[in-house]
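Next, two complexes with chain A in common: one pairs it with chain B, the other with chain C.
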Partner chain A sequence: MSKVRVGLAQSTLALFVVTIGTVFFPVAGVVVPLAGASGWVAVLLAFFIALPWVYMATYVAGSATAPNWGQAVKAWLGPFVGRIFLMYFAFVWMWLGGLLLGQAGLVFHEMAMPRTPPIVLCFALLILVMRVGWHGLEVFVRTIEALAMFSILGLVGLLVGMLPLVRIDQLRPLIDAPPALIAHAAMFCLPWAMEGVLFALFIGVYARKRLGMGGYFAAAVGAAGFSLAFLTMMTVGVLGRGVTESYLYPTAILIQVALPGFFLEGVEMFMYPLWVVASYFKVGAAFIMVSESLAGVWQGFKQPYRTLLLGGVFMFIATRPRNIFELVASIGRVDNTFFMSFYFILPALALWVRVSRREE
Partner chain B sequence: MTYAKWGLVLMISLLLVGCWDQQEITDLASIAGLGFDVGSYPHTVRMSFMTSPPRAGLGGEGGDGSRLRVMTVEAGSFTEALILLQGHIRRQPFFLHLGFILFGEELAKSGLNGQIAALQGRSTIRGSVPIFVAQGTAEEILTARSGIGHAPGQDIADLLDNLAEAPLGRPTTIHNVRNVLGGLGSEITAPILELTPLRLQAGDEKPEVGLGLANEQLREVFVRRLAVFRRDRWVADFDQYLVQTFVLLTGTTKMGSLNITNPADPKSIMGIAIANFQARFEIKIEGDKVEVEILPRVKAIVREVSGSYILRDRGLEPIAQNIEQEVNRQVIAVMSFLQEQKADALGIGDMIRRQQPDVWARLEPRWGQLFPQITVSVNTEAEITSTGMLVRFFEIKRGE
Partner chain C sequence: MQKTTRKMRKPVPVRELTKADIEKGQFSGNLKQDCDALRAVLSASADLKERTIKMSDGAPCAVLYFANLTNLALISESIIEPLQRHGGAQGILHIAEQVVHVPEYKAEGDIYQVACALSAGTVAVLLAGEAEALLLPLLELEQRPIERAIQEDILIGPHESFSESLGKNLAILRRRVGSPDLKIKQLMVGRRSRTTVAIIYLAEVAQPILVAEMEKRIQRIDIDFTYGINYLTDFLDDEPHSVFPTLRSTEIPVRVVAALMEGRIAVMAEGDGSALIAPTFAPEFLQASEDYFDRPLSATFFRFIRMVGLMISVFLPGTWLALVSFHHGILPTPLFNSIQSGREGVPLPTVVEIFVLILAFDLIVEASTRMPTRIGQALGIVGGIILGQAAVQAGLVSPALVIIAALTGLAIFTQPSITFISVLRLLKYPVLIAGSLLGIYGVVWALIFMLITVTAIRSFGYPYMFPVAPFNLEGELDIFIGVPKLWHAKRQKFLSPQNERRLDYE
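Our next item is the complex of A and B:
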C-alpha cells in the first residue's frame, strides 16, 4: 500500500496551481462574450459559489484512514459503489486530461510552431507527464513546487509588461450585463472550480496534517478564482471587449500586445513556457488521479503497465479532435456535463460519509 | 551526475530549434511596414511590404547602409498576396516585427473592413501595431527616400514615438479599430502621413535641392492632420489646429500650445505652453435630449508675448481669462466639426454607455441621428502656473 504523504502547504500550492492550470488562457474568452466588462465578476462569483464544495471535499478527504486514494474511496462507499465512483472519476479526468494534452499541442502549433505537427508537442508533454505519473504523487507535487517558483518570474514579467497598458475606461461599467447573463457566464466557470474541488478531495487523502485543511484548501481555490478574475479584468482592460470576445484564448493575444522595450520585441518568451507549465500542471494532475483511481479499482494493475496503457489512452484522446474548435467543444462537453455532475455527487458523498461515521 | 545529464540534454535541445519553429532566420522575411492601396483591377488590393532581406554574414541592416526594400503585389486577398510576395522575396513573410500599417487615401475612403478582417486572421500580427492613413498612396509613403530618417519607414517610427509627447495626432492600433468598429458610440481617428520634398541639409545630400547621392528626390514624411472616420470610412480630417484640441480632449497627451490675444494689446499675441490639460465630460440626458458639458482644466505657462504686458501691474487673471475663452472656442469648433461629420470620434456615446448603460441601450440604435443634435457647452478653468520668472516681457521702445 502506498505510504505517500504530502505536506499541507505543498498540497495547498498544488491545489492552487492545478485549479488555475490552463484555464489561465481561455477564461476571458469564455466569460466576456456573455458578461462583458463585468466578466471578472462572473469568475469571482463562480469560485465563491464553489467554496462550500471545497469544505465538503476536505471533510470527506479528512475521514480517509490511509494515504491511498483507492482505499479511501472504497472505505467511504464500500467496495462495489466505491469502484463505480473510482471508474467514473477516472473516466472524467481521463477525458479532460487527454483533451488538455491535445489542447497544448494544437494551441502551440497555432501560435508558435506552425511547422511542427501538434502530435509532436503532445507526445513531448506526454512523456514528461508519464514519467512523473510513474513516480507518483509525491514527485508530481515536488515538480509543482519547483515549477511554481520558475513560473513566478514569467508571471512578474507579464504583469510588468501588461499593467501600464490597462485602460480603466474599458473596464466600465462595473456591471456591464444583466444579472442573468453574469450568472450564465458564472455557470461556465463552475466546472473549473469543481476541477479544483475534486483535486482537493484527492490530495486531501494524502495530506500529512489535516488540521485546518478546509481553510487552506478554500483559500487555495479562492485565490485561484481571484487570480483568474484579475486576469480577466486585465485582459478586458488591455484588449477591450470587442477583441477579447473574438478569441478562444485571449490571454495569448494579451501577452502579444505588450511591448516592453525596443530590444525585447515582445514578452512571448514568458508565455510559451507558461503554457507548457500550465498544461503540465493540469494534465499531470489528471494523469495521476486517473492512475490512482484505476489502481483502486483493480490492485493488480501495476506499474509500469498502468502508466504505459494510460499514456496510450491519453494520446488517443488528445489526437481525436481535428481542429481547435472540435477540441474546445469537447472540453466544454466534459466540463459542463461530467464535472458539473459532481456538484450533486459530492454533497451526496459527504452526506453518506457523515451518516456512516455516525453509525460507527 | 543525473542532473548534469538532464542539463546537457536540455541545452542540446535548445540548439535543435530555428528562429521561428523549424525555420532559420534566413528563411524568413521580416516585414517592418505594411501598406494597403486600391488595386488596378476591381476587387483587388495593392499591398506593399517593407522588408529587409537578410544576407549571409549580415543582419537586416549593416554593410552598405539600409537594406530595407518595398515589394508590392496586387491580389484579391491578403492570403493570396503573401503567396505572391514569396515569389518576389523567396522567403516566408514574418510579421512579429511589424512596426506599422498604412492605408492609402482611396482605400481608406472606400472602407477598411476587408483589410481589418485580413489582419485579424494572422496570429503573428500583433494587435498593438499602429495604424496610419496616407495622403495619396501608402506605397508612395513607404517608398519615400527620406534624408531625415535612417531608412524608409524609419520616419514613421520616429513620428510615432513623438505622438506621445506632442499633440500632433492620436495613434490608433488594430485592436482599437476592432473595438471601436465592434460597437457604436465611438469612431476611429488615424494620423495622416504626408510627403513633402526635403529641403534640409545633411552630410551626403545636395542640400539646395534635397537630392540623394544618386540624384533621387529625398522626401520627408510628416504628420499634421488627423483622419476622422465614420465606421470604417475616412470621411473628413482635422486641420493642424483642431488636431491639437482634439488630441488634448481625448487625453492622449496633456501638453500643447495655445495662441491668445494679448489682453493689454489686442493687436499682439501671447504664446502659451499648456503644461497640463484635463477635460471632464458631464452628460445629462432627458428623453432623447442629450446635453454635454465639457469642463477643461488647463495649467498654462506664459512663454512669449508680442507687444507689452507688465505682470506687476496687470496680474495673471486677464491672461487666464483669454486662455479660457480661446479653449472654449476651440473645443466648440472640434465638437461642431464632429457633429457636422456625424462622427462621434470623442466617444460621447461610449461615455454614456459606461456611465448609464440602461440609457445607452435605449439611445444606441439611434445614436447616428442623435449625435449631431446633442447640445454642447464648454466651461474652461485656466490657471497660469509660471511665467518663466519674468515680470515684464520684452518690448521695443519706439520714438515718434
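Our next item is the complex of A and C:
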C-alpha cells in the first residue's frame, strides 16, 4: 500500500481554505443579527477560542504513525472504540457534506440560475467531488493549491475592492454590543472553527513533516477567522446593519453592490466561480474524510464502491431540504449539535493519547 | 522519485519471422552454404549484393552488403582491394585487425544477427573455413541536413534542429555538452524495424532510478515497427489514455540540453527528428526556449501573454456563451444591447452559432496545416477574414462571435509547443459544452474537472502540475517569471539531482 503524504505548507493551505469554505457567504448574516456591528468580534473570538483545540488536534495527529486516517484512529483508541469514533466522525461529516452539497446547488440556483433546477447543479458538483474522492487526499490537496491561487486572489480582490465603499459611520461604534451578546454570537461561529479543527486532525495524520505543525495549523485557522471577521466588518461597513441582517447570504449582496467599472456592472462574475470553488473545497474535504473514515471502519469497503455509495448518500442528503430556509436550519442543527460535541470529544482523545504514550 | 503507478504489461511472445532452423543457425565454415543461408534469411532480396573474392593465397571469401545502404567506394577501397592483396590463412580476426581499413568491426557467428546487421548498413565478410562473419559498419544514407526547426520556431538563440539521423543528432548534443558526463544508452525497438533508441542523460546529474525506469519501459516495448520516437509515447507515458502529454516532444537540441542540465533524461530514435523529454510538467509548456535568451522583463511579459493566451483559448468561448445565455444581467446594458442588436436576424441560437464558428475555425486550421505553406497561408486568410465577413453579411452569425472565435483561434497559437496546442484546441469544446449547459457554474466545473485530471497525472512518478501543485516557489518563479540567470544557481531540488549547483558567480 502506497503511503499518501502531503507537505506541511500544502496541508496548511488546505486547512485555511477548507476552514473558510463557504462560510464567507453566510457569516455576517449569522453574527450581525445577534451582535450588531460587533459581529466581527464574535467571529474573531470564536476562532481564538478554537486555537487550543487546533493544538490538541495537531498533538494527536502528530503522534500518528499509521499510514492512513482509519488506522491512525484505531491505533489511538483501539479497534472497537476507534471504529465507533470513525463512524461518528463519518456520520457528522456525511451529514454536513450532503447539506453543503445541497447548499451549493440551491444558493447558485437562487443567485444566478433560476431556470436550472438545483438538483442539476448539486449533481454536477457531486461528480467533481466523487472524482476527487476516487483519487484521494493527495490529488484533492493539489487541486486546492492550483485553485487557491485564483480563489484567494479573488477573495483579497473582493475585500480590497470593497474598501472605497465602506461607510465608517455604519461601523461606529466597532464594539457596541454587550459581552454576553458577543459571546452568544460567538457560540454560533464555534462549529465553523471546529470544522477546521477536525480537518486539521485528519490532514495532520498525512503531513510529511510534523515539526511546528501546531503553529502552522493554528496560523491557518487563525487566518481563516481573521478573514471572516474582516469580511463581516466590511459587510456591515458597506451594507449597513439593517441590510446585512435581512439576508441569509449577505456576502452575495455585498458583491453585487460593487461597481468596479464599466465592463461589468457588478462583480458577480467573480463571485460565481468563488462560490463553486468554495463549495468544492468544503464538500470535497467532507467527502474524503467520510470516505477515509469508512475505509477505516471496514477495510473491505474498497473503491469504486465506496465512492459510488457515498455519492448516492451525499446526493440523498442534499435533496432533503426543500428550500434554502430549511437547508440553513439543517446546517445549523448539524453544526450546533454534532460539531460542538467535538469540543468535548477532542480533549478526551488528546488526553487518552497522552496517557497511552506515557504508558508506552 | 516516487513510485510510479504504471502497471506491467504482459510480455507478448515474439513471433518467429523466418524459418526457425535458419534463424537460430550458426555459420558452418562452408562458404557456399553460409552465403546460401544468409540469402535464405534475407529472402533473396534483390538489393543484396554478394562479391566473391580470391585472396592472394587463393582462399575464397565473400563480401555481402545492401547496395543502397552502404558506401560502395569505401567497400571497394577499404575492404575488397585489401582483401585481394592479402592472404586469408591467418583467420578472420587477422583480417579485421591488419587488412581492412574500417574503424569498427565485430565477429559474429549467428546467421540471423548477421542478416540483421546487413539490413542496418553493415558489410559482412565471410571467409571459407571460418564459422564467424566479420561485420564492418559502412552505413551511408542520403540524409536531411541540419535545418531550422519547423514546428517550434525560435526567434532568439540557436536555430538548429534535429534531423532524422540518430548519429547526427547525438553528435549535435555531444557538441553542445562537452562534458564526459553525457551518457548515451542504446536499445533496439521493433521486431521488424529494429530501430535504435537512445537514452541520453548526464550521469552526474540525473537520478539513476529515472534512467533505469526509462530503460525498463523501453525494454518492455514489443512491437513490430516504430515510425519514430513519438510513436512510442503510448508505451513510455504514465497516462497513455490522457489527453495531456507527460513527455515533451521537441526538435530543438538546445531544449534537450537544458532538460539534461536539470537532471532530466531524453530519448531519441533513429529516423525521427525529435526527442522526448522526461519527466515533463504541464506548466513548462508555457516556456519557450528564447525566454532564456531574452531580457528577464521581456521574458516575463511574453510568458504572461502566453498565460493569458492559454486562458482565452480554453475558456473564452465557454465563458462568453455562459454570460450571454445565462448571466446577461451582469453585463453593462449598452454592451448587452450591442450584442443583441448584432444578433438580430441571426437564425441560429447562440450555442449553435458559437459551435459552428469555432468548428469552422478548427477546420480552416486543419486544412491550412495540410496544405503547402503558401496555399496554407492563403487559405488561412481566405477562411479567417473573407468567410467570417461573408457569414456576418449573410446574417448567419453575429459580428461579436466572429471576434470571439478569431480571438480564441489566435490565442491558441501563442503557445510554443505544438503538442500543447493540439490539447488546447481540444479542451475548449468540453468547456463550451459545460458553459452551454450550466453557465459560469459549468465553466468553473470544467476548470475544476480538468485540474483534478491533471493533478492526478504523474510523469515518471513526479506530479504533473509541479511547480504549481505541489507548490514550489523556485520552480514557479522559473515558470511564470523570467528571472535573471544568476538566480538559477541551483538545480530544482524536486528532481533530486545528484549535483545541485549549476552556477558559481562572484
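Criterion: the second predicted complex is superposed on the first by the 353 of 360 C-alpha atoms of A that agree within 3 Å, B and C clash if a C-alpha of one lies under 4 Å from a C-alpha of the other, contacts with A are read in each partner's own complex, and residues count from 1 in each chain.
Here is the rule we use: a residue touches a chain if its C-beta (ideal position, glycine included) is under 8 Å from a C-beta of that chain, and two chains touch if they have at least 3 such contacts.
Everything numeric in this text was worked out from a predicted model, so none of it was measured.
Applying the stated clash criterion after superposition on chain A shows that chain B and chain C collide.
In the superposed pair of complexes, A:A9 makes contact with chain C only, with no contact to chain B. After overlaying the two complexes on the shared chain, residue contacts for A:D176 are found with chain B alone; chain C is out of touch. With both structures placed on the common chain, the touch criterion links A:H135 to chain C but leaves chain B unconnected. Contacts of A:V243 after superposition on the shared chain: chain B is touched, whereas chain C is not. Applying the stated contact rule after C-alpha superposition, one finds that A:T116 touches each of chain B and chain C. Measured by the number of chain A residues touched, the leading partner among chain B and chain C is C. Looking at the shared chain after the overlay, A:V257 reaches chain B, while chain C stays out of its contact range.
When the two complexes are laid over each other on chain A, chain A has residues 112-113, 116, 265-266 in contact with both chain B and chain C. Those residues of chain A lying in contact with chain C across their complex are 2, 7, 9-10, 13, 108, 112-113, 116, 120-121, 124-125, 127-128, 131-132, 135, 139, 141-147, 149, 262-266, 268-269, 272-273, 276-277, 280.
Per the touch definition, chain C reaches chain A in the complex via residues 3, 5, 323, 326-327, 330-333, 335, 438-445, 447-449, 451-452, 455-456, 463, 465, 468-471.
Contact residues of chain B toward chain A in the complex are 21-23, 96-97, 120, 123, 126-128, 175-176, 178-183, 350, 353-355, 357.
Contacts from chain A toward chain B in the complex involve residues 110-116, 169-170, 172-173, 175-176, 239-243, 246, 253, 256-259, 265-266.
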